[in-house]
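See the structures that follow.
Common to both upcoming complexes is chain A, partnered first by chain B, then by chain C.
Presenting the complex of A and B:
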């Protein structure tokens, strides 16, 4: 009985987060095509953890030094080791004001937006597939 | 090559193929996220009766700019305006300034209310709502969680926020009768806080009507500001409204006032927060209103009128405030969700001026210029999982309403019982509720509005049972709503237009069917048929209403096209009413949009009857004025997002 209730709650939860599943799909498509890997070691904040932990394309690590990419909203509280990693932001301002942030996915003007910085991509020797070139901010 | 290696190569090849991105794939995915990111999925109340949800996408593509755009098709509420041109769905055409107090209006978690009339619908019912992300409307006494006072219908407006709308927008509109509107918002962060600021200036010119020698106007000029501050689970809301209205037919006996104006200023400020399982709320609102009416009639000085009738002039000025505090506690166990809370509200109103035919109604007795009403409410609501797909909802609410200068004190015990059953594609909701509605403060001791102001009025009793069945399959959603209500002691105006407790029990039943069909991810069809009958009514005995809604929303390339036809018929008017609206939105770019919307294009929308009588004895009834609250109009808008 309790299992059933938990299962129902989990199902309800997964239905309620149908939007998040599309966001996850976007992260999978974008990050796997940039890092050319089937499983990416990623350091995340709590908001992003909720989404990414549902995928087997991401291995969530506890410390930045083990990660390939850092995916968080705010960079200000990150350690220096973290800040040296390629940073992908979920916040427009963090992306704009942090030199090591190579890309960002955020909501602005009432719509979801995807953006990349050419210079930072080059710094980390990251190349974008052709399909993502139109989202590059020079 | 070894077969095992070959397998790996094939799998790796397939996986790498799956990672290839086509040029449009990311764009389509971003579009899908935009359409399907519907914040109502996170805010929607579960197991709470019949709901009408308008998502951001609905609001944008239907070009909804104020609440009446949707209330006119919301079953069974509808939209109506009273004799003062004020939004008042439950108005029966009497002289009362507001009869829809049971329709409670919330911005986010905070109720917009006034000390005199209760519901904030009187303030925000026809003002601009371009600051709204999504709208939830719950009918048939949905929950006690939000209700400090008796609630038949709950309207929740959710503000936009930095999470989705970082940046700003400006919008300008103009159209029929010379109406013009300008509004804009901006949302951003200040350190750890996020803010949203919206301001609108409206010059809402409307269709004019002629009654005898007078021109009737419902024009409205003013401004509205809505601002929020958020940090974590703490929300601060500020709402300021300043309106100058033309008062339409007002209290004029022949519905032909020479002059009628209503000026009002409104302020709401509140904070709500959540710490662990506790929620706290503190709000304050202030409402100031001045009314002025002149009519070219001669008051009769002989008995029994002594110069008080008919009304030649009315001038009033009032101040009112509402202070609300509440604490709620939520406990989530394995198969239980229990919410309990204690709420306290005090409403204070003062009449600085109340002159009818130049005779002041205040100063004759101590405290006849003021009223203090205190409401103390406690509630418990529980959702219990009988089985994994069967939820029993029980709720009980006790309200103690006391009036400082009146015998009109009420102890109100309300309760509701609901059951929700779900399987893969079906939802059955059964809800019974018992609701009690006391007199609003403006009616307490009122010789103007009550038939016997010194008598204690019984609260209205509403006992409702409803069944809501929802069936979803593939791209279709079907819904059936059946409801049956007993209403006792209804506050009903008598032939003199003064409120009495109606002695008979009114019965009301209704049936409503809805069908939503999604052609594809952009195009949606909505159809609704409904029937409602009220029996044992005074004067007309029974009232039958037939209505239907047909709505189609399409997107073609850069165009969003919206079509809506609302049909109404009742046994009183015995006429077919059609309200046809057409909207076209041209998305020139993602940041610049031009919209054109026509409302009530056939000029055959449902009308409201406003009575008229001759101004000399025996005050013979004249042909009433049948005027629709929905004007025939066309509006052109331009918006720029930055």
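Presenting the complex of A and C:
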């Protein structure tokens, strides 16, 4: 019985970890290819912080003015300074309704979704690598 | 009864073989059967699920088609209210089992999928109208468009717990949209895992019976080996016993041969003894014959032999020759075990003896007296007794002549003493010296060197009296000389 519980826990853990590391890799790939930097200064909310902490490609900063990019779920609570920064969302609606949001990574029907906004990218003079061009929908 | 026979014969082991084999093959068969059935159950379960979901989605497809007469995208774009209505319908389907129910189509401009309707209850996961969508395993989704038929697949990345069912909404033989349902296979997986557990149990049983089988075979092998060595040993012992019997038989045969030889030898010895006895008894008559013939010769040389004398001397010789012949007859029967006894008296026997011996003794100037006081019947071998008396008289004569006794005599006396009938032969030669009295009855003991004595006379006499006649022969000395005494039992009248 105990064995079974331990096994289930282990499995669950590894699944969670795998998802996290998958997400982290995606962030690394997407953000480094857009911002062309070895260590990207990023302002995050608590959800995303946990994931990004595990990588040395990101430098997590306390305030938005120090950051190059802001990576959060909801933008409504952000200060005006933050809202001026290039925003990367983890929520589709925030991404859709916030003009400064250039991209988003979120889950739909259990499937991960990546999307970009052409207008916002151009506004911040950000260019996408060719591999990501196909994720530009609007 | 039959069982115990089998057990005894050691054939019980075959029963175990059979049992073990049955268990083994039985469990293998059951396992195989079970595997097959469990596969079928899985398949049937999946099929029934698919069948059910296909019914639902085709109903839904009809419903949506009917609600959007101007084309799905076009109608829904203009009518937010209808969208809401239809999404509510989709929402009704959502349960624990049917997690996501939504409708997508392929954007004709950029060939990407986009949401048209979403049955999500959770606002966070609720997609917007025309929101772009990148499903995993895109090839299946495209396949719906090309094949215009429902497609389903297990999403490997979702740990195979979910099956995605894609149902096309076909308008004018064209796929307008896809109804997608993600439904849980947990139920199925529960069944599968239960079946798996059973399978494991069966494998365990099969392994167990296999090991039992192997153990039984192993032990029976050992047992067989043991029995074989036992049988071998038994055979060896049997063989040994058989050869032993043979050996015993051979030895017994050898022994019998030896016995025969001994018998033969003893017969020869007896014959020898008989011949010595005959020879012993012949001496006296032979010397008498020889003396008589010498007398005839002497008288003839002197021309003193008249007719009367010749006849007389010839008769004498004839008598002695007759005696020689009777002696042979007497001893011929000597060693026969069942020879016939006769009824007689001492007087009769003595009469016979005197016929032979009286004259020669008187010729030697030995006085011969008889005191016969016994006329009782004895049941014995008279010829043998006769020879004994002859021996005793001859011995007395020998010693009397040797010692040149004055007025020598030999006395025969018979009388009855209690139940015994006694015959005594006595002389006046001074008796047997005490130092040899113990030895005189032994064979080949003789003091007569001059006369060349054989020492057989008394031995023979004792044998006859003791062994044949069941009587007694003894010696004693009286004031004049030796007294030899024969004791025989009086006959007991039975008939």
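In this text, the second predicted complex is superposed on the first by the 122 of 138 C-alpha atoms of A that agree within 3 Å, B and C clash if a C-alpha of one lies under 4 Å from a C-alpha of the other, contacts with A are read in each partner's own complex, and residues count from 1 in each chain.
The rule is simple: contacts are C-beta pairs under 8 Å (C-beta built on N, C-alpha and C of every residue); 3 or more make two chains touch, one makes a residue touch a chain.
All of these numbers come straight from a predicted model, not from anything done at the bench.
Visitor: Once the two complexes are aligned on chain A, which partner has more residues of chain A within touching range, chain B or chain C?
Guide: Touching more of chain A: B.
Visitor: Just to be sure I read the superposition right, which of the two partners does A:129 touch: chain B = first, chain C = second, or both, or neither?
Guide: Only chain B; A:129 stays clear of chain C.
Visitor: Going by the contact rule set out at the top, does A:23 touch chain B (first), chain C (second), both, or neither?
Guide: A:23: touches chain B, not chain C.
Visitor: Look at A:110 in the shared chain and tell me whether it touches chain B only, chain C only, both, or neither; answer first, second, both or neither.
Guide: In the superposition, A:110 contacts both chain B and chain C.
Visitor: One more residue to check, A:92. First (chain B), second (chain C), both or neither?
Guide: Touch partners of A:92: chain B and chain C.
Visitor: Return first, second, both or neither, reflecting whether A:55 touches chain B, chain C, both chains, or no partner chain.
Guide: So A:55 meets neither chain B nor chain C here.
Visitor: Considering only the touch criterion stated at the top, classify A:100 as touching first (chain B), second (chain C), both, or neither.
Guide: After superposition on chain A, A:100 lies in contact with neither partner.
Visitor: Return first, second, both or neither, reflecting whether A:38 touches chain B, chain C, both chains, or no partner chain.
Guide: first
Visitor: Considering only the touch criterion stated at the top, classify A:137 as touching first (chain B), second (chain C), both, or neither.
Guide: Second partner only.
Visitor: Going by the contact definition given at the top, which residues of chain A touch chain B in one complex and chain C in the other?
Guide: The overlap between the chain B and chain C interfaces on chain A comprises residues 92-93, 107-111, 113-114, 135.
Visitor: For chain A, which residues count as touching chain C in their complex?
Guide: Of all residues in chain A, those touching chain C are 15, 91-93, 96, 107-111, 113-115, 135, 137.
Visitor: Okay, in this complex, where on chain B does chain A touch?
Guide: 15, 19-23, 25-26, 29-30, 32-34, 36-38, 41-42, 56, 160, 163-167, 169, 189, 334-335, 385, 387-389, 590-591, 641-642
Visitor: What does chain A use to touch chain B in their complex?
Guide: 1-2, 4-8, 16, 18-19, 22-23, 25-26, 29-30, 32-33, 38, 92-93, 106-114, 129-132, 135
Visitor: Mind pulling up the chain C residues that touch chain A in the complex?
Guide: Touch residues, chain C against chain A: 99-100, 102, 110, 112, 124-125, 127-128, 131-136, 155, 158-159, 162, 180, 182.
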